[in-house]
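So, here's a batch of structures to check.
Next come two complexes built around chain A: one with chain B, the other with chain C.
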Partner chain A sequence: MAAGVIGAFTAVLRRELRLAARARAEWLMPPLFFVIVVTLFGLGAKPNDPLLADFAPAILWVGALLAALLTLERLFRADYEDGTLEQIFIAPAPAIAAIAAKLSAHWLLTGLPLALLAAPLAAALGFPSAALPALTAGLALGTPVLSLIGGFAAALTVGLPRAGVLLPLLVLPLVTPIVIFGAGAARAAQSGLPADAPLYFLAAVLVLGLTLLPWATTAALRNAFE
Partner chain B sequence: MWTWFHRLASPPTFYRLADRLVPWLGLLAAGLLGYGIFGGLLLAPADYQQGDAFRIIYVHVPAAALSLSVYVLMAAAGAVAVIWRIKLAECVLVAAAPIGASFTALALVTGMLWGKPMWGAYWVWDARLTSELILLFLYAGVIGLNQAIEEPRAAARACGLLALIGVINVPIVHYSVEWWNSLHQGSTILKLGRPNMSADMARPLYAALLGTYCFFGVALLRRVQNELLLRERGTAWVKEQLRSAHV
Partner chain C sequence: MSLIAVENLAVARGGRTLLRGLDLAVQAGEVLHLRGGNGAGKTSLLEVLCGLRVPLEGAFRQRPEPQALHWLGHKNALNLALTPLENLGFWCGLNSVAEDALLPVLQRLGIERLRHRPCRTLSAGQKRRCALARLLLAPRPLWLLDEPLDGLDAQGLGLFAQLLAEHLGRGGAAIVTSHQPLPPGVPGVREWQLA
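Presenting the complex of A and B:
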């Protein structure tokens, strides 16, 4: 049984990554969107406004959140339409292994690039370099939660024709703690305070999300078939 | 015990029971709310610091309490709907969401109206205010999701899952004034032993609180009845119900 779970997980993960390698434009879009949003903030403010550095945590977190939202609608849509999802549910291995693999792949292809990209963008906004580790650590802990919550919301709306309008309404209220503590960690480090407490909180939310949300996502997807 | 429970969950039984309960609950709500509002606005003495402005609590506190209670009820109904697939729980979940959203909006608006003269600002980005606002968005998400999915039973179960995940916000709202250094004051009435409020002020508040719960009961039962009629419109008991009501 255990081998079946791990086998299903790696098989689906490998499939997701291979599909992504064949459609590069799709997963290059969110980082590009992220860069453009941050650039627009730079252009919208006064040239070299020192306030931009103060607002950098909020700008980067909201930008990353919106960039991650872009890909959510596609997360289960193609598999739902071509029947792959149905195969996952009738396969002998538990469906949750495959769903967890899809969520992990989503983070690897969307969340991780955004977390890595945040540091150079923060530097461009004038964010102090000493505080960059806290910002990156916050995003590294927070983006998996975005993928988990976003995956859950995408599963709830998978069969709907206009899911794109509804998704932000479902995702954004649920991710507010992540934004508060993630940006809080960056702000604490920016003003020279220890950022441990908000980072530990983010880690706790990540553990909670990992234990609850794959099950909820699987239940929501199963609901869409009945 | 279980047979009684199953019978209660059957739509026709519940429909008739609700018909019998609504007038009594309505009477109770009118009496309690009438005393609460009259006593709060006219009989209770003015606050020594806030003057007459404190009287908004007779609307604000019940609305805020309901905004949390209704969400918990919704999540409980959601759990029942997702696990046991009981039709009645689906109707309760769907019917409770707009009422809860209204109470949340009312709590926010009354709080803002009080905040302007007392704190000097309609809105501050404070833990309790923000989490109450997020509660409103969570309600909006449930309502939006329910309207987006065409098949009513699948819609209700999806809303149930969403409500279950969102219920994590409720303890955050409730304990936010204790966990964080918030501008919002702590609870004054739900303290055992020595309440922080004189009895003349507290009595109408308890009445308004209970009255608002009764009013919620009436509104919920009526909405659930409508939902049941709509979902079961092809069945014999609905036709009989309509015939006996001379529709």
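Presenting the complex of A and C:
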């Protein structure tokens, strides 16, 4: 049984990475979108405006959230439409293994690049370099939660024809705590205060999400066949 | 001994009851050919039998294990950006099946020359053959096939009859939906008309 679970997890993960390598535009889109949005904030503000550094945590967090939403709609839709999802649910290994692999792949291909990109973009906005670790740590803890919540919402809407419009409306209200504490950690570090408390809170939300949402996502996808 | 048996089954789709009071059992060496007009509930019934859909009422008297049945839906479960080899290799990994059988199986189905081409460049019949290849990758006693003849050419129909006959000879069984009669050469076909 355990061998089947690991086999299914690695098979799905390898397939996702292979698909990403074949359709590069798909996973290059979120980082490019992120860079463009943050750059536009810089261009829209007064030259060398010191206020931009104050707003940097909010700009970076909102930019990263919107960028990560771009690839969410496709997360399960293609597999639902071509019948792969049926094979995943029929297979002897529990479907949770395959679904967890899909969620992990979404974070690896979307959330992780965004978390890594945030530091250079923050520096460009004049964000103090001493506070960069807190910002990056916050994003590293927050983007997996976004993949989990977003994956759940994508699973709920997989059978709907125009889910692309509905998805941000479902996901964004649910991720407000992530933005509050993620940007809060960055702001605390910016003003020289300890950022541990908001980071611990983000870690707690991540653990909660990891223990609940993969199962909820699997149940929502199974429901899509009804 | 029956490989699958249900009693008093009711099947609904989208809030509408399609079938009611259905008793059905399939023995080893037997093919059940489900017939019925569009919307009669053939696909929904197969989905219930393979466990994708919950029946409205009724119960399984004999329920096959997941590793004892093959499901071939009317969708081929092939990602169009991947090649047949990659798609079937993924299926092997998902089901913990050894991949050594891949090449002989593709040869058997006459698609070994296409194995490195992306599936989007294949014809409907070629894709159907790729989907049928799964039946041979892992030996499983019960095949549930939804319109397996879709898009197959005359030679493909002959091949399908041959594969099915061999499967029955090994003590397997199958439940097949098809609007056209099953190709000749398949023994033990029992037709079942859904109202």
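Brief remarks follow.
Note that in this section the second predicted complex is superposed on the first by the 226 of 226 C-alpha atoms of A that agree within 3 Å, B and C clash if a C-alpha of one lies under 4 Å from a C-alpha of the other, contacts with A are read in each partner's own complex, and residues count from 1 in each chain.
Criterion: a contact is a pair of C-beta atoms (placed from the backbone, for glycine too) under 8 Å apart; a residue touches a chain by one contact, two chains touch by 3 or more.
These figures come from a predicted structure and were not determined experimentally.
When both complexes are overlaid on chain A, the residue A:L70 reaches neither chain B nor chain C. When the shared chain is aligned, no partner comes close enough to touch A:V62: not chain B, not chain C. Touching more residues of chain A than its counterpart among chain B and chain C is C.
Once chain A of one complex is fitted onto chain A of the other, the partner contacts of A:L170 are limited to chain B, with no touch recorded for chain C.
In the overlay built on the shared chain, the residue A:G4 is in contact with chain C alone; chain B does not reach it.
Shared-chain residue A:A219: touches chain B; no touch with chain C. Once the two complexes are overlaid on the shared chain, A:L156 sits against chain B while remaining clear of chain C. Applying the stated contact rule after C-alpha superposition, one finds that A:I88 touches chain C and leaves chain B untouched. Once the two complexes are overlaid on chain A, the chain A residues touched by chain B in the first and by chain C in the second are 226.
On chain A, the positions that touch chain B within their shared complex are 152, 156-157, 159-160, 162-163, 166, 169-170, 172-174, 176-177, 212-213, 216, 219-220, 223-224, 226. Those residues of chain A that touch chain C in the shared complex are 3-4, 7-8, 10-12, 14-15, 18-19, 22-23, 78-79, 81-84, 86-93, 98, 225-226. Chain B contributes residues 82, 130, 134, 137-138, 140-141, 144-145, 148-149, 154, 157-158, 161-162, 164-166, 169, 172 to its touches with chain A in the complex. Interface residues of chain C, counted against chain A in their complex, comprise 47, 50-54, 65-67, 69, 71, 73, 75-82, 86, 90-96.
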